Structure formats: C-alpha cells, structure tokens
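Both complexes below contain chain A, partnered by chain B and then by chain C.
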Partner chain A sequence: MREIETVAARTLDEALDVLARRGDGIRVIAGGTDVIVQELERRKEARALLSIGGIGALRSITEDGGRVRIGALVTHREIERSPVIRRRAPLLREAAFIVGSPQIKNLATIGGNIANASPVADSVPALMALEATITLASRRGERRVPVAEFATGPGRTVRRPDELITEVSFDALPPDSVSFYERLGQRRLLSISKVGVAFRARLRDGRFAGVAVALGAVAPTVIMAPRTAAALEGERYSPEVAGRAARAAEEESRAITDLRSTSDYRNRMAGALLVRGLARVMEGRG
Partner chain B sequence: MGGYKYIGKRIPRIDARAKVDGSLRYPSDLSAEGMIWGRVLRSAHPHARILSIDTAEAERLPGVVAVLTHKDVGGTNRFGIERQDQPVLCEDRVRYVGDAVALVGAETKEIAERALDLIRVEYEPLTLLDDPRAALEPGAVRLHEGGNVVHELHFTRGDAAAGFAAADLVVERTYRTQMMDHAFLECEAGLARLGDDGVLTVECCGQYAFRDVTQIARALDYPPEKIRMIEPYTGGAFGGKDEVTVQIHLALLALKTRRPCKIWLSREEHFISCTHRHPVEIRMKTGVARDGKLVAHEVQALQDGGAYASLTGPVLCLVVEHCCGPYLVPNLRVDGWAVYTNNGMSGAYRGFGATQAHVAMESQMDLLARGLGMDPLGLRARNVIRKGDTFGIGQEMVMAFAVDKTIERAMAHPLWRDRERIRGAAGDGAGAARRWKRRGIGVATCFQGSGLGKGLPDYAATTIELAGDGSVNLFQGTIEIGQGSYTGLAQVAAEILDIPIERITFIGGDTGRTLDSGTTTASRVMYAAGEATLRAARDLVAKMKERAAGPMGAPAESLAAGGGAIVSGDGRRSMSFAEIAALPGGPIRGEGWFHIPAADREFSMGLPHLVFCSNTQIVLVEVDTLTGEVAVLKAVAFPDCGTVINPINVEGQSEGGIVMGIGYALYEENVLEKGRFMNTGLSTYIVPSSWEAPEIETIPVEEPEGTGPFGARSVAEVVTTPTAPAILNAIEDAIGIRFTEMPVTPEKIVAALAGESAYRRGDTEGTEEGH
Partner chain C sequence: MIRVGFTVNGRSVSVETSPTRTLLDILREDLGLTGTKEGCGKGECGACTVLMDGRAVASCLVIAAGLEGRDVLTVEGLAGDRIGRALQDAFVEAGAVQCGYCIPGFLMAARALLAETPSPSTEEIREGLSGNICRCTGYVKIFDAVNLAARRLAR
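And now, the complex of A and B:
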C-alpha cells in the first residue's frame, strides 16, 4: 500500500486553484466510494488526492425558472429524498434509490457518479434521458457539456485536468410527463447494474411526444437510444407499440458478456425493461 | 418431559451483549505489543513447477522481519485433516492458485504486502488439469504420486437392473452443482506468540482447536504439549475453517521471528485459498412402481476435490450415504469418484456432500411425482425411512427419526394445502409487472447424519467447576462459530444445576483450559457436547452433595440441587453453592464425557452414521418470465431435530440455512477459468441480502432421542439442504422448466423460456388480471 498526500479544499476557489496548479498530478475525491475501491485494487494509482467534500456551495438542489440544478456534491440519498426531484424528475429519484446501500448512498455524490464515467452508473441514464447538462468550472472559466457527450469511454471523459464538475442541471419535467428508470442487477439492491433503461416523454392527447430513452450497461458508455425513442414518438401506448420499441432497444444495445451477465441477456433486457417500465407508468392511467 | 426452567426456553445468547457492544474480541480484532504482520505469497499459477525462489530483495526491504520458504519448515511441511498432502509452503510444485509459496513477516501490513512483490519465483507452468472427467483418464497428468483419485466408492444392494425392468416409470438426469464459498463475515485471522518458556500460543479462528495443535506440531515438528490453541469465538465458519487456514503460518512466523504475529486474510485471498463446497456432477436414474414405491436407483457421482485432499474423501462418503434421500430403495447401485484437479480447493461445507446428493435426489422425486401424477409429498411419504429400517447402502435406522412426521406436518400446512389458490394469486398487488409473474410451490425432504460417522473418534467432554461465589465455570472445547451452542450448552448445565444462566461463566475452545471435545462440525455439538455437559453437571451435583452431606448431617442420597443450593429431602435444611465452595476439601469439579453411538460395521471412512436428523421444507417462488428473476416469497421448514433446547437458536439456524440455500440455488458460484478464480470479491460473488430473504416459518418436529441431552439431536446442516432442491422444484412448478444446473440465474431462465423474450411471445396480451 502507498501513502497518499491529501489536500482538502474548503471553497470552490481553493479547489480550482489546486487543480490549476497540479491538474493531472492530483485526483479529485468526493464521496470516495469509487476512488477508494479503485485505489485499493490498484486500478488507479494517485499520488495525491484533492478532497472537495467540504465545499458547501456544491451541496444543494434548487429549482428556478423551470430549471433544476443539482450541486456536484449532492448525495444519492439527498436526491432520493428531495421533494423537487420527486416532483420534477421522478426517474432520477428511482435511479438514486437503486444505488448501492443506504451507507453508500449517504456518501456517493452525483458528481462522482458522472465523473467516474462508468457505463453502469445508475444516475447517468436518467440524467441523459432528462437531457441534462454538466457544468465544468476551472480557473479559465465555466463551460457546459451535455451529459450525453461527457463520457467518451469507460472511465474516459472530456473533462480537462484542471476542471471540476460543479453542477448538473436540466429542465423540470412538465406535469404531463411520464418517466421511469428500470434496472437489473445480480440481486435487488447493493449490486452493479447489468442493464438499465431510462425513459421520459410527454403525453399529448394520449400520444408520446419528446421521447428520450437512454440505456445503461449495454455499451462502453451509457448511450441514447434514438431509434427506440422514434418507435414510440407520436404513438399511443399499447403492449404492441411497447414491444416494437423494445425490439429497437434490443438492436440499439450492444452489450458484452462478462462475469455479471451475458450479452444476449443484456440486449434482451434492454427491451424487456422498456416494456416493464412502460407498463408500469402507462397502465392504470385509464 | 416438560416442566423445565431453561430447556426449550427462548433464552438470548449469552455472548450477544459482548458481540453487540464490541467488547468480545474476534480473532481479527486481536493485537499485541511488538506485533508483526504476516502475509502469504500465493502461487502465480494453478499448476507449475517451482524452479527457484529468491527472497533476497524482499528481505532487504526496511521493515521486513522475515521471509520464509519451505526451507524454514522443520517438520513434514504438510497438513490435511484426512491425509496430509498439502504443503505449508510449497517446495518444487504448486497445484492451485491458493498454494502458499512464501511467508513474509513485517512491521506493518503494508510493508508485508510490498515485500510480496519483491519475492522472485521462477515457475515452469505444467499441464493444467481443470476437468474432473479428464482427471480419470489414463493419460491424464498426475497431480499426486498416488494418481488423481482421492477416493472412490462402489456399492450395490439388491439388483438394480431387475428393479428398473420392473419399474413403471424411470427418470434419468444429470445434475451439476457448483463450487460455493462459505462467505462468512470474518476472513481467516489469528495471532500467535511464543513465550519465554517455549509455549506457542495461537489465538485464531477454527473449528477444532485440538486438531490444530496436532496439525501444527506435525508440520513444524514442534512439541504438541508446547502448543496452546485458543479459538473460542470465530466470525462464521460453515465448515470453511475446519481445515487449517492461518494456523501453521502463524505458528511458523512466531517461532522463527520470536515476535507476536498476526495474519488476517483479505477477502480475495480467502476466495482463492480456502476450501469451498465441492462441485459434484451426479447422474441419477430412478425407477418407481405405479403405486409410488421406489424400486431401483442408480447413481454416479463425480466430485471435484481440487488440489489437495482435505475432507474430499469423507464428503464423497456422505454424497453416497445420502444419495437415496431419506427413502427406502430396495435395488441400488452407486458409484462415486472424487478426484484431484487444479480447480482451487474444496472441503467441508455445511451439509458436507448430503447437500449435493439431495439436490439431485429431491429433483428426481419431483420428476417422478410429476410423471406418476402423484402429490409430491405423498410420493415422499410412501417411501420414507422409519426407525428399524435398513436403508441406503445397508445402514440401519436405530435411533429416533421422524422424517415421516415432517412430511405429515408439511402436508397439513396452509402453504401446501392451499397451494392451488396461492399459486393462482401470482403477482398480487405488484403493479403492472404482475402479468409476467408465475408462482410455484416446491418441497424437498432431506436427512443428515450427525457426528463424524463410523471409525472416527467422536467424543465430547465437559468440565464444570464450582467457583468461590457459588457460580460455576463451564469448560468446553468446542467453538462458538455463531451457531449459539455456548448458550444451548449453558442452558443444559443451568437446568441440571438449577441456577440462572448468568451464574455460568463459559470458557470455550482453549486447549490449555478445556478438554478435547471433538470438532465443531457435522451437526454434532448440541448433541454430543450437550450430553457431555449434562453429565458433567450431574457429576458436579453429586460431588457437591457428597461435600455437603457431612456438614448438613444428612446422607448424600437424600440431598438434591435446587435454587442454587443443595437441599435436604424434607426441604428444611439447605446449603448454598457458595457455602459448599467454602468447605474444606479443595476445588469441586464435575466431569462428563460422551461418545456418539456408532454403527457396528464400517463401509468407508466415516461411513455410515447412526444418528440422523431430517427436515422438510416448502418454498413459494415467483418467477418473472420477462426478466428471469426468481423471488423466494415464503419458506416453511419442519426440522426433525429432537428436543429443542432453545427455539431462538433453532429458528436462527433454520433462517440462516434457508437464506444460504437460496444463495446456492439462485446466486452463488465461484467461477473458475483455467484454474483461476474469476470472482474474488463480494461485488461479483453474489450472496443473498435481506431483500432476498423470504418470510420464514420454522416449525420444529420434536422427536426426542434418548442418548441426547433432554432428547436433543441436531439441526445445523439439515436446515440448509432442502432449500435448493425445493426451489428447483418450485421453479418447475411455476414455469414448467426443470433446471439441473445451479445457480439458476435469470440468464438461464430467459434462455430456457423458449429463447423468445416474453413480450415477443405475446405475453403482454391476454393477461388474466382483474379476475
């Protein structure tokens, strides 16, 4: 085991200063639920860690002018309990609920979930279906990147070494929306996602409009599923329509076989979860 | 029966408070002044020749105290419970990835770990033997001098061919059970220190402190009388700490460095080095007459033992002993082989071969019932072994045994009686997804020998000492591995002595203070150590009466123990235990010992048993045909365990056993590829959590056994065995598909459901909800 230098930033300015000076030479740690595991297993070997957990400014969920903003340090537990999220982005609440265990959720931040750029990250499909935007800050200024363009591969992102994720934001779902996040793990909770499906759409005269579907754990990054969304766009819900869209989802999913599941199962389940989720949110609406 | 103060009562664990407040120290909690940390260098290959080991660079690392290899081992350098074929530190060959090649002692755990990287071992890989079938082939690479067969067994009774010819229905299947990890909470750990007097004290996890002394002494050539093992509390074992784990390495480091030394395996190291549940391939062909009587049974079992013997041979004996289930089969042919491979290690695991045998047999029973159109429990009831029967390979049922009653109770239980209605209520209240849910109800009936079996030393002994304040100290050599037996044993003593449990101080698992009481395995502690404890308590009472007789002016025979005192027959005079302790004459100590009864004839090592317990379970599962997920909703168990000493403990065993069985049926598997473990952490080796635990009801069937304490027999293993086959049977009941390979994952279910996703089969339409 190694000794690792740690620097704790109390303000965003402090953190950005450190990153501007040391960039690649220091690794950001928020809740640490990915960092600690990766360092212990030596999948990553940081020489120094910049702890950002004490930056109070990154801890809040706000809603103004129809835009929901979530600070990078907001935990999955806080998301799960937030009335704003419950009302404005119920699919994100479902995603936050499923993450790890209560202990993990109390530590695991949304910024960390995004920055870790794992294809199995549970909050990311939901954020992608919400067409959320990430705010990256550095001494050079701020820039915004759609969540869908942030990860470029497993663990790889467009984040520059001196940048910190400060916020993720999205338009609140209008009241006539339906949405869900469905996922399968090797057991119900405290397991890594084998496949996850996030969906949101508005219902106009009983027809889907503005459909977005994102798929987790079926490609090197979380992916959007445009053809699946197109199969639903403008349609009225029926099991047949859902089945057709599910077939598109199976085709858009390009899963691999690993210890946790098989490619065949994952691809099928991309469709199956879409069907299950649609049945859940559409049936009983009359 | 009845009228007890302590027996049969829901008495909380005597060690619960200390475990909850953290004051009880588990082996991994131990530390000592000046302690060093030990780490083991494991093999880089599943099978290779060692050409050289260079420790020079590791030794130069500051903080490294010792780097030891086989050259530092004085004795046989071998261990193993049944035969000693496993090296403490490998000389010239490694046979699995957990093989120990070198041992480091360092000032810190981190330095020890870094030193491992600096040890240079040159290997020459050898042909990998990772297929147990290939192990039996004539040209196969030989893993040990005697060949690749660890043990084989062949028995016939009656005439199987004639039996099959007369059968109305014959069912034949091949079952594959997987390698399974014990997944106990506490990874293997301990602390050793060498006294100035040359006494080596090892405090560690384990299941038999006295045998650990022998194993250390033999391997290191150190006098056994100078080795003291202290292993009262272990953080879970389930058989996985029966074989030596850290003991000899701890002892070696302490002897060589003369420093206190601690080893605590990481979870990953545990996964690759420990003994697992044996994977067994079992082919069964079973014939039945139209009236439901079994007429013939043919069994072939091939068990993968892994790299070294450990308890592979005895486990095969139990596969064979239990291969007919708790049923009478007049014509039997059974052939069993257990072989060496480079697939890790397997050994003792709760159920010990009976588990694997019953997965196959209880599946067969369900297939037969289905084929005959009979009630599955009815078919079982028709064939059960009763007291007085000769069964299996010729064993005799001479002790109390009530498997018939477990089946009768199960038949009367609402979950079985109302199963049509309950099955029809699939997915009640589960929202829109309920249309894909299919419910099934399955049963399994199993039995299990108690104790080590014929030919093996199987005794227990307890001493109970009167303390000055009138309380007692109870000395017992077995180990509290979480099963609660210290509480049960204290209850036995309390009942005889008629003192509150709090007046008993329990001293367990210490070769320096307790008598050898045998293993903490094989469902034997409550029965054997319980009877020894009862006798020790009676002996103590007799000795206190003798001591008190003079001062009380009454003959000893007229006195009795009651309320913490010795009381005269007329109840008028009494002398408290404390007063008796103060009388001249020295310490008063009661002793009791017990040998588990054994059969007259020995078939093979430990085969057969004479004492048995049994269990029937009913499980309700819900299969999601869309995703292949299986939820176990309810389980009801009817353990036939003799008198229940403590209902909380029996329920605890039953509930833990059922959840473990759910893991076996649906989740757990050590995945190996070319001799290497693929899932070595708890994020990829999936054990069920509280979310996977069903509602559990445990209804003990109390059939007292005269030789056991207050009629107790045992419960520890038979509580888990029926669960997996009952789940397999329930899945077939739900979706009409028979699985013969575990674990039954959602992937397997979805693939088996005709290869078509549920929504493609049109299951989304025509649902029957709303009826």
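And now, the complex of A and C:
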C-alpha cells in the first residue's frame, strides 16, 4: 500500500487531541479491514491516518444494571465468543458470526462496522433492533446518538470530524425475548446479495410484544421497519401472521437494482428472511 | 518511515518501514519469510493468514502502524509447535496438498482453530477454514487432514 502518514494513539486522550487539531485532515483506522481495502481500490484516499487499535480502554464488553456496553474496538470475533452477548443479545451474536471469515472477524471492530456506514453492515441491523445508542467523544465532551440516526447515506454519518466512537450500548434483552439475525449469502465473496433482517420481541402469553425489526441492504442505509413490527405486535406466531409481516417488510424495503441483484428480488428476500427467521425461533414454542 | 518492534516465531525483530506497509510485505520482503503467500491482497482468500497474538488474521490487512509489541506466528514457525507439526504431517498423509499455494494459509487457520477447539466438529472445521480459498483440492482432503491431526493430538 502507498505510504500514508500515520499517528498511532495509545490513549483516548491522545486520539481526541489529534482529532481536535486535525479533524477532517486525518482518517481514523481501527481494524483496517474497510480502510485498507478502500485505499487499495482508491475509493478513498486519506491524507493521514490515526491508528486507534492500541487504545486498550475501548476493548471491553461489560454488563451493568441491565445495560450492555461494547467498546468501539471490540472485534466481531470477541462479540461472537462473548457469554454476555450470547445471553443478552443473541441476534448480535448471530450477526457477528456471519461477518467475513475468522481472519476478518479477528480484525474487524464493531466501531468500524458502524462508522463505515455501509447499508450491508451486518452488526448494524442487530444493533438497531436492540435500539442501541452510540457514544461519540471529542474534546468538547460526549454525546449519544441512536444507531438508527447515525448513518445518513452510504458512507455518510452524523459524526463530526473531531469525534471518535467510543462505545455502543443497549438494554439487555429480557429473558422472555426471542430474536434473530438472518442474512442471505454466507460470505461476501459468494453472496449474490446481502439482504439482512434483524428481529427482536418479547413473548407475553404467547403474543409478540415490543417488536422491533431492522432491514439491511434494502435502502441507502440500514432501516427500521415499523410497519413490519406493527404487523406482528400483539399477534400469536403462525405462518399466516409471518406471511402478513413479510408483505409489510417487502413494502418497507426500498432496494435498488445493481450488479448483484434486482430491487424486486431484494425486497422479496427481506420478506422471505423474516419468515425464515420467525420459523426458526418460534418452531415448537407454540 | 517508522521503526516497529514485534516478535516473529519467538524472535524479536525491529524494522524500519512505511507506517502503511502491510505485515505481509514486511514478512516476505524485509524479513525474507516467503512461506506466507499473497493471493488477493484484500482479505478474501486467506493465503496470507498468520497468527497475531494467537489469532488468525489476514496479514495483507495489517499495517506496520499497528504492529508494535505484537506476537506473530508464521508458517515457518509451525515446525517448532506441537499442533503445527501434527498438522503438517496430517496434510502430507491425507494428500491434502496439490499446487500448495494456499497451504500455508490453511495450516495457520487450522493451527488457530485447533488451539481454541481441540476436537472440532466438521461444521467447526468448515467455519474455521471458511476464510481460505483453494483452487485445486476441493477442500475435502484438507478437512480430512485437520480432522486427522485433531484426533492424533487428542491421544
């Protein structure tokens, strides 16, 4: 790769100082799996890089008073292996499991997946269905932004040039919850399309309550699907109910046609994945 | 240019290099460790797999700026390693190697897998090696070899 000036920060303070001084003139690099590929393919050309991989304070997953906090530098492999995530947010474990390959998952951070703002980012639908919040830090202080409001278009976000994502947090799912993440296409290489569907709800007397659904790769950003959620709210699971919700998901999808697949195909896949996921988690639960 | 210090196969090294030079290039060109191969150069084929702090990573996506203090294991270091030796023997015996270009990457991914999951199921072997591409073998004998090594190590 071409030589780019790189500053390696060892502490959060150091990183925030550099960003306060250089803002737009320097690009953050965490695991590097997006940044390096974008540089190689000349899709983005940074003037300088700020390497944050050495900031130990951003590497932990904690659970405290029902709130789960994931540091920005936690890798998808660590999420996939975390007992806290397995118990408290199984849909996020499923999303992390699917990302790339072991060699990618060991590098790819959750902060990078969010900040890259790709409509096909796998952890984002799961985080959105969890109603997760991003913490952004700068020399000016800290602010919190819902994941659902962070990306404004492909590669575009509300992050200001001097801000660093430090963590993402959400309420642990209550024990009576069901959740899933379903994606079409196991590997980036082989996948035809990467439509992804994240779902979570509680089961109260066998009926869905507090339903949230998020859809990936069917719009310029990952989107919430409120009408799909409404089609399930208060209902008992049945194939007919799932079918009705699937039609809502197809209507809420706004996929574009590209090299990989047509918009019509993608929109319909969103419905099909919802049906598949619901069957998987509801089978035998009555 | 920056100077970074890290360990490779148990030996401390210090190299002066561009901060955005990849670990793959440093290994092959600066340190002469050409066992690690370049395939795609962008994370998709696994030919460049090495272990960094015990975890399998694509060395084409690791840059010098993040290397300070890391512990790297490459295919050249496998002969001095119990799991590594068992894997090398099993690959030969199972006939898992054809042209051989992908094999260093498969060995390293398998080494990471067996260190973490000593008796992997077929599904776990497939997942552990899902980041590696082989254009020759069709994978079956590679999976057999990993299975064979795991069974021998368990004895």
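A few notes on this one:
Everything below uses one rule, namely that the second predicted complex is superposed on the first by the 275 of 286 C-alpha atoms of A that agree within 3 Å, B and C clash if a C-alpha of one lies under 4 Å from a C-alpha of the other, contacts with A are read in each partner's own complex, and residues count from 1 in each chain.
Simple rule for what comes next: a residue touches a chain if its C-beta (ideal position, glycine included) is under 8 Å from a C-beta of that chain, and two chains touch if they have at least 3 such contacts.
Just so you know, these numbers come straight off a predicted model, no measurement behind them.
After overlaying the two complexes on the shared chain, residue contacts for A:183 are found with neither chain B nor chain C. Of the two partner chains placed by the overlay, neither chain B nor chain C lies in contact with A:159. Look at A:88: by the touch rule set out above, it reaches neither chain B nor chain C. Looking at the shared chain after the overlay, A:283 reaches chain B, while chain C stays out of its contact range. Applying the stated contact rule after C-alpha superposition, one finds that A:69 touches neither chain B nor chain C.
Contacts of chain A with chain B, set against its contacts with chain C after fitting on chain A, overlap at residues 1, 186-189. Only residues 2, 18-22, 41-44, 46, 49, 52, 55-58, 60-63, 65-66, 68, 109, 112-113, 127-128, 130-133 of chain C touch chain A when the two sit together in their complex.
By the touch rule above, chain A contacts chain B in their complex via residues 1, 184, 186-192, 239-240, 242-243, 246-247, 250, 259-262, 264-265, 268-269, 271-273, 275-276, 279-280, 282-284.
Here chain A touches chain C in the complex through residues 1-6, 8, 29, 31-33, 36-37, 39-41, 49, 51, 53-54, 77, 100-104, 106-107, 186-189, going by the rule given at the top.
For chain B in complex with chain A, the touching residues are 109-110, 113-114, 431-433, 435-436, 626-629, 667, 671, 678-679, 683-684, 686, 688-689, 691-692, 746-747, 750-751, 757-760, 764-765.
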